[in-house]
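What follows is a group of structures, each given as C-alpha cells.
Each of the two complexes below includes chain A, the first together with chain B, the second together with chain C.
And then the complex of A and B:
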C-alpha cells in the first residue's frame, strides 16, 4: 500500500514536470498571467481592508488580524488552485471522451486527472498571500512567534489546500452525471475563500457550524489564526484542537475520495 | 495460457432518458424522465486464442465499441461472463491495462503539445516499464515504424499517418499481449495503410501479439485477419473466415475470357453494343465486353464454373480465362442491408 502511494506520487511528480515544461515554454505569457492574477487578488485584498477605513475593528478583530486571516485563506486556496487545476478542467475531459483513455492505463485515474494540469499562473495569488502576510505582521507589532504557532500556521494552510482540492474533486465528480460543473460548488470554493477572509464569529451560528463540521474550511484559516493570536476558539473548544486541522482535512478528503470512486463506478455502469 | 479472451453471453443494456423538446418538455424530463432501454450488446460469446488476428466488422452502432469497452474493463456488462488474459476486466482493470494496448483511430493517446519522444518516454512511467526493456522496445519500434524523422516534432504538427505510427508505438512500448485497434487505417493514404498492415503482420509474427481489429475497410480484414466477426444490432452474426462468407453470400462470380479478336469482332451486337452469345445458360449474363475481353457474370448456384468455361470453350476459341470473386465490400453491404444473417441469429 505504501509503495503504491510512493509510486503514485512519483508519477504525479513526472506528470507535473511535463506540465511545467510546457507552460514554461511561454515565459512572457506566464509572467503576464501571474502579474494579472496578482493584481486581481490584491484588489480583492484591499476590498477587505477598505472596511477598516470606516470602522476600527470587526467584532474585536483589528485590521492587522483580519489581514492575517485573509492571507491564510488566500494562501490555502492559491495552493489548491495550482494543484487542482486538472480537476478543474475535468468537465472538458469528460465531454471530449478522454476519460476512457485514463481508465485504460494501469495507474490511478485520479492521479492522471490531478496531474493533467498545474496552473503556474496561480502563483499570482500566492504572491498576494505573501504580501498580505507581510502587511498583517507589520500592523501587529506585538506579535511573537513560537515554534508551535509556526507549525499550526503551516498545517492550517496545508489543510485548507487539501479541503479546497477535495471540494474541487467533488464538483468534478458531478460531471459524471451532469457533464458540466455547477455553480453550486463554485460558491463553496470562491465563496468559501471570501467568507474565510473574515472572522468566523461574524456569521450566523448555523454558518459557523457548517464551516466547522460540514465543509471544515474554518480549520484551514480561522482556527489556526485564532491560535496564532492567542484568541479563544469558537464554541469554547480547547486551543489544542488547532492541531487537529490535518486530521479534519484528511477526513474530508477521504469523503471526497469515496465520492470520486462512486462516480467512476457509475461511469463504468452507464458509459458516459 | 492459450486462450486470450473468453466471453460468454455478454450483454449490455443502456438506460437512456429521452429528452422532450421545448421548455415544458425539459422541465417534465427532470421530474418524470422517459427512460428508453437500449440493448447495445446481446448475448455475445467469443473465444480468442493467443496470437490470433481477428477483424471485427459491423455497421455503425452495431455494438463493436461497446463490446471492446467491456472487454477492456471500461464498461461493466449487464450480463454474461468474461475473462481476458485470465483476468476479470472489471475487477482487475488496472492489472489488465498493463497487458493490453489500445489504439483509437480517431483519438490519439499522445500528448498534443509535446514532442513525440516525450510522450513515449512518459508512457514508460505510466505503464511502469523497466528502463532497459523500454529502451529496447523503443529502439525496435523506431526502426520498424520509421519514427526517427519526426521524433522531436510536437504531436499536433504530425500528419495523420505519422500520428498513427506514433500511436502504434505508444501502444506497444509495454509489450502488451493483446492489442485492440479501433479503425487504425481510417483516413490514411494507400502507402500509409500498407505500412500499418505490414507492421501489424510483423508484430503478430514476431511477438505473437493477439490483435483485435475494428474496421470498415475490408482490405484490412482480407490482408490481416484470417478470422472475422460480424456484429450487428448487438449480436454476433458470424464468426469465421472471410472466404467462407464470400462463398456463402457473394452472389455472383465473374468469368473473364479473352477471345480471339477476329471472332470477337464478328459477333453480332445488340442494342447496347454488347455481343450476343447464342443460348447463354440460365443465370449467366454478359457484364461487359471490350475486344477481345468479355466478362460474364454468373450466379454461383446457377452453373458451376468449369461448366461455364466448357460451354464457352465449345463455342469460341479461348485465349485466356480468369475468375473474379465478388468484392467482400459488396458482400458485407448486402449482409447489412438485407439483414442476411440477422434472421439466423434470432433462431
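And then the complex of A and C:
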C-alpha cells in the first residue's frame, strides 16, 4: 500500500518534471502567457476594488477584508488550475482514444492523467493572489498574526485547491459518458471561485448551505478568512470548525475519487 | 453582391443552430454569473439606496444587460479567423470572389443574430424572472437602444477581426487575443458598470472604442443619457466604428498582399 503510494508519487514527480522542462524551453511564450494571465486576473480583482469607491463596505466587510477573501479563493483556485490541468483537458484524452492506452500501462490511470499537464502559466493567477494578499494586509493595519491563524490560512488554501481539483475530477468522470466536458461544471469551478471571493452571507440561504455542506468550497476561503479576522462563522458554528477544513476537503476528495473509480471501471472505450 | 453576403450570414446563423446543448450550457453560465453579481450588488446597496447616480435596480439591469449582450459584442475566446490563418484554410476564403472583411463581417453578423435570439434574450429574461431586472417603458429609449446596440455589435465585429488578423504576423496570437478580450471586457463595463470607475479612469474609458461596445447601449437602456450627452456618445460610437472598420480593412489588405501558403 505504502510502497504503491510512494512509487505513484515518484512517477508523478517525473511526469511533472518533464512538463516543466518542456514549458521552460519556450521562455518567451511562457513569460507572455504568465503576464497575460496576471493582467486578466488583476483586472478582475480591480473590478471588485472599484465598487468600494462608491460603497464603503459590503454587509460589514471592508475592502481589505474582501481582498483577503479574494486572495484566498484565487490562491486555492490557481493551485488547482496548475495541478489539475491534465484533468481539465481530459475530454480530449477521451475523444482521441488515448485513455485506452493509459489503461494498458501497469500504473495508476489517475497519476497519468493528472501528470499529463501542469500549466506553469497559471503562475499568473497565483501572482495576482499575492498582490491581493499584499493589498488586503496593507488595508488592514490592525491585523495580528498568530501561529494558529497562519496554519488555518495555509490549510484553507490547500483545502480549496483539493476541492477544486475534485470538482474537475468529477467533471472529467462525466466525459466517460458524454465524451465532452459540459460547460456546466465551469459554474462550479470558475463560478465557485468568483462566489468565494465575496462574503458568503450575501448569497441566498440555500446557496450558503450548498457551498458549506454539498460542495464545501466555503471551507477553503470564507471559513478560514472568518477565523483570521475573528469573525463569527455562519450558522452559529463554533470557531474550531475552521480547523476541520482539511477533513471536509478530504471527505469531498474521497467522494470524487470514488466517482472517478466508478467511471473508470465502467468505461468501455470511445470506439472508432 | 449583397445577396451573397446575406446568404453568408444566413448560413452562419443556421450553422450555429446545431449547437443546441452548448448554447443551453452557455445560457446557464451567463445566468449564473449574472446571479452572483446580482447578489453582490444587492448586498452592496444594503447600506445606501443610490450610488454614483445608479439605484440598485439600475445596476441590476445593467448587469443583466451586460450578461445578455456579451456574447454578441464581445465574443470571448473567438479565434475562428485566427485558426483559419494558422491552418492555411484562410486561402480558400481569400480566393472567394468577395471582399475578405465583408465576408467575415457577414458571417459574424449572422452569428450575432443567433446569439441575440437564443442567448441574449433568454439571459435577460432570466434576469427579469430571478432578480426583477425589468425593462424600460419608453418607446424612444428602445429605438435609441436598438441603434446603439447595432453600432456596438458592428464595432465588436471589427474589433475581433482586428485582433484575429494579427495572426498573419504573430504565430502565438492567442495570448494577444486573450489580452485584447480582457482589456475590452474591462473598459466596456463587462466586469462592473463604467459609472463605478474612479473619475480619472472614467474620463479615459469614455473616449476608448470599448465604451461603445456595451456601456453606451446600456446607459441608453437605463435612460441615463439625454440631450447633447446622448448625441456625443452615439457620435463617438459611430466614429470608432468607422475608424476600426477602416483599420481592419487596411490591415487585412496589408496581410493578404504578403500571404504565402505552404502547398501540400
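Observations, loosely collected:
Here is the rule we go by: the second predicted complex is superposed on the first by the 267 of 272 C-alpha atoms of A that agree within 3 Å, B and C clash if a C-alpha of one lies under 4 Å from a C-alpha of the other, contacts with A are read in each partner's own complex, and residues count from 1 in each chain.
Convention: a residue touches a chain if its C-beta (ideal position, glycine included) is under 8 Å from a C-beta of that chain, and two chains touch if they have at least 3 such contacts.
Please read all numbers here as calculations on a predicted model, not as lab measurements.
When the two complexes are superposed, the chain touching more residues of chain A, out of chain B and chain C, is C. In the superposition on chain A, A:177 contacts neither chain B nor chain C.
Applying the stated contact rule after C-alpha superposition, one finds that A:98 touches chain B and leaves chain C untouched.
In the superposed model, A:53 makes contact with chain C only, not with chain B.
In the superposed model, A:262 makes contact with neither chain B nor chain C.
Touch criterion met: A:7 reaches chain B, while chain C stays clear of it. No residue of chain A touches both chain B in one complex and chain C in the other.
Looking at the complex, you find that chain A touches chain C at residues 29, 32-33, 36, 39-40, 43-44, 46-48, 50-51, 53-59, 182-184, 186-187, 191, 194-195, 198-199, 201-204, 207. By the touch rule above, chain C contacts chain A in their complex via residues 22, 25-26, 28-29, 32-33, 36, 39-40, 42-48, 51-52, 172, 175, 178-179, 182-183, 186, 191-192, 196-198.
Within the complex formed with chain A, the residues of chain B that make contact are 14-15, 66, 69, 72-76, 90, 93-95, 97-98, 100, 102, 104, 107, 109, 111, 113-114, 118, 122, 125-128.
Those residues of chain A that touch chain B in the complex are listed here as 7, 10-11, 14-15, 18, 21-22, 97-98, 100-101, 103-108, 112, 268-271.
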